[in-house]
């Protein structure tokens, strides 16, 4: 199994309603370091999983929709909490829909929110994502 | 698959009897950076895998029993070597027993012992652990 | 010259009015990793610059006033931009005022705002700070 | 499942022919940080997956054949592109052939080529590798 | 004293003639992580040392002249060894010449060549640099 | 001013007598990541501050006297506390005595004891050190 990964980051504000979130219920913010990993059983002809430059560009495009924003007012999180898990899920859906491959490809999105906490969403790139 | 991870550290002394351990047979020590990751197929209602604050607190409680100690004299390692693998196994058992969930949850414990070496134990949180 | 350093972090929202700040004019946020370093020519009797546990505690107390907040509404930044430089200056003043030492001690505060950008404020701990 | 990992690095030159590689078609270079992870279901008698000192030594031996070289002229990459994925595959084969174990052991090789990009090859250590 | 720092990286090939360089006499390569820090006594009106976006852009422009190249054939290193120290010196000169400020400003360039080695050049931004 | 830095690590046990040290009064341990930086105004003929391979070798030799030991029983710390500051001072003295240069050279030793705490000793390499 081959994997290629790339990394970028976003700086966003948000709040997390619900007692379980304690002080994070207040409007605060985070620098999320975002890692995107693509896995395939075999390499493409050029000896690569996917073009790293292309992957970095697509990830930047997806992150550009979130960067320097207040997620409380972002269309993608209306009626949903923007927990780190949910942001990872959102980026997975958006990036998955942009990848040229539609089967047998696993995509993993990891968000580091601080030096001591992170979340991840890992799932195959599905037809549904690409149809969107 | 969703994952949440948290990180903490301990500073302990120990020795590793057995020729295979070379100079580590002598009494020495380590700062172990400890990562705990919890995985679930679906998110709980609040849009989270598990409350990060709660997970950090429980990990700290488990590590508090080891921190600033000499593992050669620690009850958990009597008659066993405190290799990095075995410490990871121990933390997995103790943390697993404290987690509220009893099935379908994978727990991974990774210990970095230096910038160039680490060990990991990964297994489902079992009924047996929670029964303890 | 001896130095001791400790590290912690905060998660805050803010906006930076002024054309020079580009997209950072919008409400967004950051995880700031905060390093505090104390320097002295000679060690105290116990063979230390300052008690690390004490320094971590005081830094946490200072950061606790900022953590999980929107700096746009924080009393410390009324009428001032909360640039990374200005936050470093603020933490330097607050932490300096809490340190027991009043002369010959240099204090450096560094804030990493992302994997590719940081700011720092470095100055002696002054009488004025301690008088506050 | 238990894992042990070790890390080392190499400094190499190479070029990547093919339009998809853009500026990397030119002769350039990289510091590759190389991680090798060995996984087994159960620990060996000494309470370890594999002796870390031994694993570091074997990885160094494999990397010694690549370090401070121009991969364009290296026998292992004649007629093949030395993409990060292909170098990971090569190190996996060479290190796998040196490991004493022949079944039930998973070996993962990860190469970080920069702070924002990496590749990985993960596969069981096979008989074929050990036969070589 | 206020400092602002930004980070980027380049991937280059080179060789270092001279017995002292051992295996690095051969054509090999490196990923250099490049940090640029600008220091000033007081902040500019906007509450900043220098616009981080501007600094990142200028550093990228300077590094763009080196990235994905073989330094043995680069005009900047004809008749000179491209040691890490000399590359830091070169980047300092090029970046210094692009900065709008001409006095009282300290510029520090640090190059990490691997997880265990780095070099740095630190000097005021001089008139001479800006005249170039 | 030019600087070259190298990094290595040691794994030691020790205890710190004195109430100020709290739980660190008990026998415990640490992985210390040790950075050694050498600064000079001008480069030597080969375009380097000092040969990195030589510096790494000498640092390893100094650290080899401490690695995998219990500092409570180490001759260098009889009658002294092995605080992180004091270990940095010790390594500075030992490494300074091995460096070929005797004037105008600044040597800085930094020890990271955990992801959140470190200490440093910085002083010129003195005649006295080299005489030892």
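Just so it is clear, A, B, C, D, E and F label the chains in written order, and each chain counts residues from 1 on its own.
Methods note: a contact is a pair of C-beta atoms (placed from the backbone, for glycine too) under 8 Å apart; a residue touches a chain by one contact, two chains touch by 3 or more.
Please read these numbers as outputs of a predicted model, since none were measured by experiment.
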| item | value |
| --- | --- |
| Label of the chain whose CA centroid is most distant from the centroid of chain F | A |
| Distance-maximising chain from chain C - centres being C-alpha averages | D |
| Proportion of interface numbers common to chain B and chain F (over half same, under half different) | same |
| Rounded Å distance, chain A centre to chain B centre (Cα mean) | 27 |
| Rounded Å distance, chain A centre to chain F centre (Cα mean) | 42 |
| Where chain A and chain C are represented by their mean Cα positions, the distance between them in whole Å | 31 |
| Touching two or more other chains - residues of chain C | 7, 115-116 |
| Contact set on chain E toward chain D in their complex | 7, 9, 11-14, 23-24, 26-33, 67-70, 113-116 |
| Interface residues, chain D side, partner chain A - complex | 18, 20-22, 80-81, 83-86, 88-89, 110, 115-123 |
| Of all residues in chain B, those that touch chain A in their complex | 1-8, 43, 46-49, 51-53, 56 |
